[in-house]
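Heads up, the next two complexes both have subunit A, just with different partners, subunit B and then subunit C.
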Partner chain A sequence: MAGVTASALTTEGRPAPSTANGGGSAGPRGVLGALGRIRWGRGTVLLVSALYFMVPIGATLWFTVDNSPQGFSLDAYRQIFTVPGLWPALQLSLLLAAGTIVLVYLLLIPTVVAVRLGSPKLRTVVELTCTLPLVVPTIALTAGISDVLRWCNDNLAPTPFYATFLYAQNANFPVVLLLAYVVMALPLAFRTLDAGMRTLDVRTLLEAAQNNGAGRARAIVTVILPNLRSAMLNTAFITLALVLGEFTVASILGYVPFAVWIVNGNSAGQGPVTVAVSVVSLLLTWLLLFVLSLGGDRRNSAPAQQ
Partner chain B sequence: MTTDPAPATTVAAVPSPAGPTDSSTPATIAAAATDKTGGATVEFVALRRSFGATTALDGLDLTVNPGELVALLGPSGCGKTTALRMLAGFETPDSGQVLVDGEDVTHLPAHRRDAGMVFQSYSLFPHLNARDNVAFGLKMRKTGKAERHRRADELLELVGLPTHGDRYPHQLSGGQQQRIALARALALQPRVLLLDEPLSALDAKVRENLREEIRRLQQELGITTLFVTHDQEEALSMADRVAVMHAGRLEQCDTPAELYARPATAFVAEFVGTMNRIPGVLAGDGATVELFGQRLPVDGATELRGDVDALVRPENVLLTAGGGQGALVVGTTFLGATTRVTVQLPDGTAVKADLSTHDAAALPAGTGVTVSFPERPVLVDTRR
Partner chain C sequence: MSTAPLSATPARRRPKGAAAGRLAVVPLLLFVAVSFGVPALAMAYGAFTTYNPGKPSQYTMGNLTASLQGGYLDALIGSVKLSALSALIAVVAGLLLAQAVVTSRFALLRKAVLSASGVLANFGGVPLAFAFIATLGNAGVLTTKLHLDQHGWSLYSFNGLVLVYLYFLIPLMVLSVIPSLDGLRRQWREAAQNNGATAWQYWRHVALPVLAPSLLGGFVLLFGSAFAAYATAAAMVGATVPLVTLQIATALSGNVSADATNVALAMSLDMVVIATLVMVIYIPLQRRSARWLV
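Let's turn to the complex of A and B:
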């Protein structure tokens, strides 16, 4: 997505020099001069942003390959495959992410469709509800969850629900954490799906589908959902990024997914390996982002023609 | 009312089906594309529908004959779109019936109706290319892929876009999108074709081309067609009959020529074409009306008496220079072969007269004129 934005800026920026030059009345030299000035400005912005982003990443990279006093070493990266705890932590995070994405889809897609078709006036209510988690600090959310868990522990023990309660806290797949992540993902996920929905003339599309012999439910599945594809991909990505990077809730509740493992490993003296893992995860995230933006833009690549 | 449609006799000059100049979409393709010939009879029986306090339809009765193109014409809010949507199955009447070939379809769900529809806004499915859009209905009916594509390609050829099958909607112009939408509406060989202002989003040139093309296709396929529009020129130029609607009721349904020459009500008279309202006095028996001292027969029987307005088309107003009426030319508008001359009478009445441009040249603004009328029956309406 970052790459796409940058290239769009470049192409859009191109006509600017002639206007900066007083309506194109000056000769080619003037135009070139203006072009040079514009490029300087652009270069400066690029340089500052690059420094802002690249220096920390560069320093991180340096930290993983500088094995003083011996010098350059890729040991940290080799250890990724053998270091204890990484794979279970990563697996847990990916499982949680997948679960969160599925739940968010199940919760939000029918909601967005229903609100749009049934009662557009309810949209504000739904939007406010979905935005609430942004206002509640994560630490407060976690404190709440801890309280509820403690209460359940004290009061559910004699009831048949106790087994379910214990299962919800299973370290291999903590449903409690999953539910917390669903709540935390709501604000961005709703906005992304809602924005995708708003680009569609849902009513007309549905009527056109019905006019072509599709029942209402089938029309939603065959016409509306495919057109929400890129919004759904974006939602999935945002949720994945959120779950992979989430530390507070998981750490306080005592689970060890990816982010918690990295922090724990750092304080346990596994510095270079955990940082190497961060670098690799950063690269993987970029790759994923790139693939997603390619997928989302594939159909829009051909120029519209009149 | 700024546009003045050409007289209805020239309006009917629509390209003949499968004419010699028309090589791109021969009738054979049309025949292959829809095996059925002749459409269904559509009947609206006493349709009523209210939305809250607004009455959209107030007892609409209308019959559309097989293979006929009927335009529903009227100002916005007159109920024409509601009527069309009832036939498509997107609205249910409070009372009344919708019959297709005598079969009551009033409560049949939209996806089981035998009616293809082209929408006002672009309604192609954005995630499907043109071919798959056209083939969508066939897919819903579980037609095989090869057959689906063959039929879709035939239909694309029918609407003049044989090479556009692989394009996505965003790669097509507005006119092309509406052609594809037309092909999609015809794909299931419906008995009825519904057009909901399909041309209103297009620019004038494209609109005119597509208008002729829709009419040609409709005649080739012989499909019963209901066409909603608020554009009288569109209605008069395309339709076999025009149904003028007002406040949820049918005012008149007639051929364009009849509608223009013999409007049944004052609303139709004023809505279709340009009409002068000229103050006059009805004779005691209501058979004649006196306009500027001239006695003219009244068109049809009227229960009005005394002061009325006579409704006279600008082409039925005669102007002669000079005279003691005190009428003055206050403006002229050049329309090509004719010129519209606006005359003001001492009582403030403005009268529009269409003269040949040659005759109008002799009557510049400020000229004193006498207004008179040919000896023809005129419509009268309550004085406003």
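Let's turn to the complex of A and C:
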């Protein structure tokens, strides 16, 4: 699913070709008559869609504030601050998200610069590499990882690598999860950063910087990166959303970050609190993504007007 | 102005720059080889071998055969059915919604729907499951208010999952089909009308054929998303609906038997094969629709 939304986020901001449908300019009477008939259908479609998409959100909010016998109560939300286990889980998720974002930057920023400057062949190789994770569903990747871990556990014990192996699975900061998340974030992050890169005239920027005496590395850090800031921010947000919501890998490998805590807590009988927590996390994530999509709209349409 | 130095230098600078460029890509390739390649190969290898600690593993087709039999096969078929049905409904519903938005007079509506779709398409996993449990689950708000349970409604079923999956599939479809709808020229419709075509004839003979690659591409894309989804189903139905992702998770958790792990690897391989097919169909379709509708 992740790979999909990259294109979604980029196509979304594309200025609409003027189909003139929105103008509502008067056409021949027959067309207007036809439109008049179609509007009924459109109204129905919009109404049904609005109901389908809003009712679950409304009902979930209702569910968290409706305390059957007494009526309205914000207890579920108050308990968020006291419920055991939530903060460690959230901390772990945020730590993993930070690690994932840093690693994604370190791996991908040199890559997108190189791809922009390099040959088409290099682009093909990189695009293919970054698309590969889409072919292996998360659960299949998890199966592979747990197989590798099982093999290591059975074969590395007598060797000095065993300590490294145990460290990689340390519950306070599981490097295994970090690696998996970076792999999962790659397709989306690459497309976002690459799309940001496309709007820059990298070659000219580098030439200009180098003519002014900057080395290649310095030119990239002080000239290219600031121009790439918004794409980097997008990548960070999307990666954060991915890591905060990730359940599959963590739950199967036995770690308890945020999303796993919510499910475990729910089955342990802390129903309303966990739903409240999931509502809050959802609203925050949505806010993040919404701001992102509005920002993307503005940014992408600006050059088009020039 | 800036082309002069560019065209003068490449002969000398290109080779050096290209080499540096390739070096910059090396960390990424190494990382993917280790973090993705090793588990992927381990999965493929494990699918074809037996596993006994201390003994050398032996080649076998047993895991794959087992993964295509009995309950495991049911799960695979269940997943394919669920993904195909929800993708099909989402394609139709997404097309209708997108068309309603594209032809709307209100620019704000378009913007709002696009932004909301961008957000909702990312809405999967646990929160989605919880939202629907709170709404239509056994103690859900709508279930109790409308006494749906007396009419035989259960969210924790195949149909329930379809209803839930549509929540992120429809926005996904809207996002992927709107660019194509924008590409339908107004002149095509006018030309059809001038030749006496009805709205239905216009759609049947002009619009749908032009949209076909992007609709099919959308279907395949949605199928892939639904097929790979795990968290939503796990948080919602546990194991009451047979799905391949749920089966893999159960087998990996080791509750079944030690052999089950290798069958889980074989099932993962089955999934990879299907996901690969999806990509192989999707990529050319996407290129084709892009070519038509620029």
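Definition applied: the second predicted complex is superposed on the first by the 229 of 306 C-alpha atoms of A that agree within 3 Å, B and C clash if a C-alpha of one lies under 4 Å from a C-alpha of the other, contacts with A are read in each partner's own complex, and residues count from 1 in each chain.
The definition used in the following text is that a residue touches a chain if its C-beta (ideal position, glycine included) is under 8 Å from a C-beta of that chain, and two chains touch if they have at least 3 such contacts.
These figures come from a predicted structure and were not determined experimentally.
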Quick one: classify A:200 as touching subunit B (first), subunit C (second), both or neither. first
Touching A:47, do we find subunit B (first), subunit C (second), both, or neither? neither
According to the stated criteria, A:229 is in contact with first (subunit B), second (subunit C), both, or neither; which is it? first
Subunit B or subunit C: which reaches more residues on subunit A? C
Would you sort A:163 into first (subunit B), second (subunit C), both or neither based on which partner it touches? neither
In the overlaid three-chain picture, which partner chain does A:57 touch, first (subunit B) or second (subunit C), both, or neither? second
In the superposed arrangement, which partner chain does A:212 touch: subunit B (first), subunit C (second), both, or neither? first
Touching A:126, do we find subunit B (first), subunit C (second), both, or neither? second
Go through subunit A and flag every residue that touches subunit B in one model and subunit C in the other. 204, 207, 211, 216
List the residues on subunit C that touch subunit A in their complex, please. 2, 5-6, 17-18, 20-22, 24-25, 27-29, 31-32, 34-36, 38-43, 46, 51, 53-54, 93, 96-97, 99-107, 109-111, 114-127, 130-132, 134-136, 140-142, 166-168, 170, 172, 175-176, 178-179, 182-186, 193, 199, 221, 224-225, 227-231, 234-235, 245, 248-249, 252-253, 261, 264-265, 267-269, 271-272, 275-276, 279
Subunit B to subunit A touching residues, read off their complex: 88-90, 109-113, 115-117, 119, 121-127, 136-137, 140-141, 168, 170-173, 181, 184-185, 187-188
Which of the residues in subunit A come into contact with subunit C in the complex? 1, 4-5, 7-9, 11-12, 14, 16-17, 19-24, 30-31, 34, 38, 41-42, 45-46, 49, 52-53, 55-57, 59-60, 62-64, 66, 106-108, 110-111, 113-115, 117-119, 122, 125-126, 129-148, 150-151, 154, 179-180, 182-183, 186, 203-204, 207, 211, 216, 238, 241, 245-248, 251-252, 259, 262-263, 266, 274-275, 278-279, 281-282, 285-286, 289-290, 292-294, 297
Which of the residues in subunit A come into contact with subunit B in the complex? 200-201, 204-205, 207-216, 218-219, 222-223, 226-227, 229, 299-300, 302-306
